[in-house]
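Next up: some structures, all given as structure tokens.
In what follows, chain A forms one complex with chain B and a second complex with chain C.
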Partner chain A sequence: MGRYTVRRLLQLIPVVLGTTFIIHFLVWQLPGDPFAGRCGDRPCAPAFVAMMTEKYQLDEPWIFQYLTFLKNLLVGDFGESFNGVPVAQILADTWPVTIRLALVGIAFEIIIGIGAGVLTGMRRGGFLDNLSLVTTLFFLAIPVFVIGFTLQYLLGVQFPIIRPTVTPEARWDELIVPGFVLASLQMAIVVRLARSTIVENLRSDYVRTATAKGLPRMRVVGVHLLRNSLIPVVTFLGTDLGNLMGGAVVTEGIFNINGVGGQLFRAIHLHDSTIIVPMVTVLVLVYLSVNLLVDLLYAVLDPRIRYD
Partner chain B sequence: MLSRSKTGAFAVIAGLALLATGCAGGGGGQTSGGGPGGSIAIRGCEPENPLIPGDTGETCGGKVVDSLFTGLVEYNPDTAKPENAVAESIETEDNKKFTVKLKQGWKFHDGTEVKAHNFVDAWNYTANSANALAQGFWFEQFAGFEDVYTEDPDGEEGPKKAPKPAKDKLSGLEVVDDHTFTIELTAPFPVLPSKLGYTVFSPLPDSFFKDPEAFGKKPVGNGPFKFNSWTNHAKIVVDRNDQYGGAKKAKVKTIEFRMYKDDNSAYSDLISDNLDFTEQIPTSALTGDKWKSDLGERAIEGEQGVLQAISFPMYDERFQNKDLRHAISLAIDRKTITEKIFSGGRTPATGWVSPVVEGYKPGACGKWCNFNAAEANALMDKAIAAGWKSGDELPMYYNGDADHKPWTDALCAGLNQVLQGKVKCTPKPFPTFAEFRTEVDDRKMDGIFRSGWQMDFPHIENFLTPLYKTGAPSNDGEWSNKAFDAKVEEADQEQDPAASIAAYQEAEAMMAEEMPAVPCWYYGLQAGYSTKVTNVKVTPFGELDVYSIDTK
Partner chain C sequence: MTVPRADAERRAESGFSGPLLQVDDLHVEFRTRDGVAHAVNGVSYSVDAGETLAVLGESGSGKSVSAQAIMGIIDSPPGFVTRGAIRFRGSDLLTLSDEQRRRIRGRRIAMIFQDALSALNPVYTVGFQLAEMFRVHEGLSRGAAKRRAIELMDRVRIPAARQRVHDYPHQFSGGMRQRIMIAMAIALGPDVLIADEPTTALDVTVQAQIMELLAELQRESEMGLILITHDLGVVADVADRIAVMYAGRIVEEASVHDLYARPAHPYSKGLLESIPRVDLKGSELAAIKGQPPNLLRVPSGCAFHPRCPYRREVCVTKEPPLFDVAPGRGSACHFWEEVLDGR
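Our next item is the complex of A and B:
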């Protein structure tokens, strides 16, 4: 187990190097000049462009940029964005918010997704099952921004229960509705996934054996059935946590949340490579760690899986 | 083994949760509703450059910097007429040498007095290209500008760098005493006092010169508000300056410029009283006048100094035929587009100058800006006889990251229909404004392209010289006309302001015959405010008047 973890952690190094390399390369292929739209409908002053070019070493080849970036990264220096804000500051502002939002979303997926999946899987064909079928279809079919704007309008404007947007502090309670919107699609998928594996495993030998041994129903479902059925669900949730963090552009836009997705979108828009690269690097790290965590969780869920 | 992996997993999750909660907390951004002199939250956006007047040319930073600094003159919030602010008087005999006297008793937020050298030093610093501020070109009319501002000799792409300026001070600026200084220009320019209200001409305190970089993050001005805090991409907060030297005092205690990513969410906050003012009503609310029924008397309609036009790349010989340019202008049904696409939020243009500025003369474009299908076709036939290939491709370029698609599509479809296929107009968006501007600046346009202009200061000159004079910085189409240049120069030199304006108007009238760019429409202004504030006024610049607004 320990050796496996260490091996996986070591594997992170080439992956991070490779992804940052590709990102760097791609950012440099973006068409357009970062200073063309910065000064409104007129070109920026040449002196200003020259100063910025020199300050951010934009006239150097991108491979040189990449090496400088790596060198600075090793000493924990993320550099400064084009409007003079330390990138570390931007990361510190946005990451906690995004992590909170993603955790709220994941909580919805776990509680409602797995809960409803198990309930409906156990009572296949019942009223609850049909209800959840229709509801999940609804969430699967409707784009996130429609759900977002509708909930924002209903709960924020029509019946003012919440503020329509989230304050810069982004407290947990403010993130409940945005988290729900963010996770709505995946929640529906989790319900479907959990339901079908439960249905499948209900008929399996070990469940029949456990029941025949006279184990209490709770134990059969809770320990034997659920633990085996959760493996695909956990795999999905793990990869999804990464999605929730980087892919929340739409939800963040609707509820005006200052998170990673929106920041990345804005940086790409403004050609601010000083923000794009560090931000994606952190995203890659998060994604890889979550995946490692998921793999380790397999061993917890299924005793047959052993690493070593 | 099992239990160890379990605890490991939980430790990581707990760590994530700790990290997430670690940076929570801090005060809420609530707006208050308890009596006058409270706090308000208005719509803002992230400044693209540090908060230094000489570095700020876009509206996001501009509206913050404007609240922090007061220059020699200020624009009247109703008429946009320049009025003396820090200046006691700006006098001149020949429109070339100006003597500026400052009022006593103005103070910066750090308590130091605003003296003549604060203006002169600030301007010298901004103009000096060695300091690399983005807005240095504003001083090009000042004597000695070419000594302090150097251009890259072989362009941006070239290997050479701009040489170091010969001097670090403009010879045209001279401090006479603590409260007097003189400005000398290279040529007479009667509009100068009007120009001096622009952000770039703000004074800077002595502390700026010690550490400009730190200043850009925490500016110290002399304006009606003092800088409090800047949370990147979230908000900027400014507090009222109780020692403000001006006659008009701000009423509200603090202003929060809250940054939104989406017009719709800002609008939702506005109608639920979580935001006090926005000047960006989303298209979804403008449709069918929904915003007026939502806001009632809290909806503000007005005009602002912005003109949308379509430019021709004169460096492409196909567009040198003025019959073609006239035909395109005549074939645009401005009235229908402004009504159907913008729900009346724009008004058809009748010239190249916005109605809100000094020197506006209605109908400068004459018959050429009225929809006339028959004459458009007749001229188009002439253009075809002169070499335009009938049915030739006519791309229409714009940036797709703002709301330009609907009108561009309508305009192109209209051209194709009215001109019966003699041109084949196709809308071609660039993904971002940056890419669009790169192609425009590199003179790579092979079709017509949109060109919007937002005035810097409210004078007819600002709509003509920077856009259409030969070699002007924003003359994107490279139109060049000797008679026009001469007329503008004549207007620049004219001693009498009224005669000067008349000359500018004559220059504008000359453009009708040449049609260097097709004026489309003037921007209207749609803004709204919450039930918690009162006395809300919007300036012709499309910005909130920060002095008059108050909480209820």
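Our next item is the complex of A and C:
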């Protein structure tokens, strides 16, 4: 497995080069002027534009920009945004928040998703199963922003249990409701996925064997049924952790969370390539690393899979 | 036959002298969307310590379902035991609590399944799955259970057991996997072993080895063995008695010798005639006409009548009971005398 891991890590290099190249290219193809609307109501003074063009070498071709970016990245320099803030600072501010939010979300998916999936799979056709069928359908059908605004209104305004918006520190407890909102759709998918694999494996021969061995029901389910059933669920959760980290624009917007998604959204809006490119690069790296971890975990869960 | 010492002791323990395991008028039905499938309709058989009973029948005859009913592993719903008794050492298993049944399962009555690859859990080592028997039922420590697992693997003659104990089921050959299954079943020295088509998934040479192993283990430990099969060839060498099942009923019960020499039911006769024989090479193989019955719509009267060459009026209207043909021998055919005489 060691050699496999090294090979996968080496594969990261061309992937990161390729994705950053494409991102760079696309950002520079965006129509519009990065200095439109940057100076309030009036157009920016020609002197300011000239100064910025000079500072960020904006009159050079984009391929030059790309190479400069790579060169700086190698020494760990993410550059400065058009506002003069170091991008490394922006990353350090937003990433911890996004990671906390994603972890809260994934915790909901694991605890509620797998829990409900297993319970309903074991008692197929029962009350809980039907209840969960309707509830998951609800979460699958309703857009995230509707769930977000509804919960914000109900829990934040109508029955003030939480603050409607999250403070800049974004503490764990403040992220519970936003994390639930963020993960609601995927949670419903996990419930259904876990339920169907449980139902399928419940009738499998090795579960019958485990019963025939006279093992207690708890052990048949907890040891024999669960581990096999969780393999596809773990794959889904892994790929989804990557999604949760990058795709929180809507949730972050609703609850005013200063995370990666919102920051990226604003940067794209302002044509600030100095922020977009490094941020997406880190996103790509995170996504790929999580995927690698999932693939390795997959081999741990299922010994029939061998990497060499 | 003299009663073996081990068996005498066991009987003294329980103070019971009837058959070791006795299935009496067992009914099992499956309630499906399309209707109720009567998988087992009043089956009775018994097995004694050291005895081998072969339960013979084609797919859907109810032979496996009756075994699963003994083990208490029928998926319920849709499957329900609706009538009958399963007496183990005289006490009816069907009246026991779930927990009492669990303690008997795997420990006093164990079962071997057909396809060991799917019957073993793919994500645990065979050592773990064997050791689990000792850890759960006897509360042994991890290390002690592992040592017992290795002993077991030696006992079913798996080479290099000490190393292979850490391997996963998919790393074994078919024959070795079935040995693991057998090891798991005999782990706690059960009184009754049910083998459900133990050799069907294996090739012929391996089949013989596995049957030999089962016969040997049975001799050593005086287990009662219920051998479920559709293969008459497998039965001939190892079984003492045969119960032939058709459409959830026993249609003939006899000693192996009697059944092979002079079958007393048209179905058993048809089965025997459909075995390929070297001396009849070149001539067309006899086959039983028609299809096995649909259990949702079992034919009236004798369920075998649509396929039976002896069919008369009465077969369609009246269900034959199990007639006494000879001591210890029965046939559920109105015309068993004709069949027996080979007319």
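One rule holds for everything that comes next: the second predicted complex is superposed on the first by the 305 of 308 C-alpha atoms of A that agree within 3 Å, B and C clash if a C-alpha of one lies under 4 Å from a C-alpha of the other, contacts with A are read in each partner's own complex, and residues count from 1 in each chain.
In this section, a residue touches a chain if its C-beta (ideal position, glycine included) is under 8 Å from a C-beta of that chain, and two chains touch if they have at least 3 such contacts.
The structure presented is a predicted model; accordingly, all values stated were derived computationally and were not measured.
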Chain A as common anchor, with chain B and chain C clashing or fitting: fit
Chain B versus chain C as contact partner of A:Gly246, first or second or both or neither: neither
Three-chain overlay, vertex chain A: chain B-chain C angle, C-alpha, nearest 10 degrees: 160
First (chain B), second (chain C), both or neither touched by A:Asp205: second
Which superposed partner A:Leu301 touches (first chain B, second chain C, both, neither): second
Chain B versus chain C as contact partner of A:Pro168, first or second or both or neither: first
Chain A: partner with more touched residues, chain B or chain C: B
Touched partner set for A:Ala47, first chain B, second chain C, both or neither: first
Nearest Cα pair across chain B and chain C, whole Å: 11
Doubly contacted residues of chain A, that is, touched by chain B and again by chain C: 303
In the complex with chain C, residue positions of chain A that touch it: 203-206, 208-216, 219, 224, 227-228, 301-304
Chain B - residues contacting chain A, complex: 1-2, 4-6, 8-9, 12-13, 16-17, 19-29, 46-50, 55, 57-58, 129-137, 149-152, 156, 161-162, 213, 216-217, 231-235, 258-262, 264-266, 268-269, 271-272, 274, 401, 430, 432-438, 441, 451-454, 466, 473-474
Chain A to chain B touching residues, read off their complex: 1, 5, 31-34, 36-52, 82-85, 89-90, 92-96, 99-100, 103, 149, 152-153, 156-157, 160, 163-165, 167-172, 252-256, 258, 262-263, 266, 269-271, 289, 293, 296-297, 299-300, 303
Residue ranges of chain C touching chain A (in the complex, touch as defined): 71, 73, 75, 102-107, 110-111, 113, 115, 118-125, 132-133, 136-137, 168, 170, 181, 184
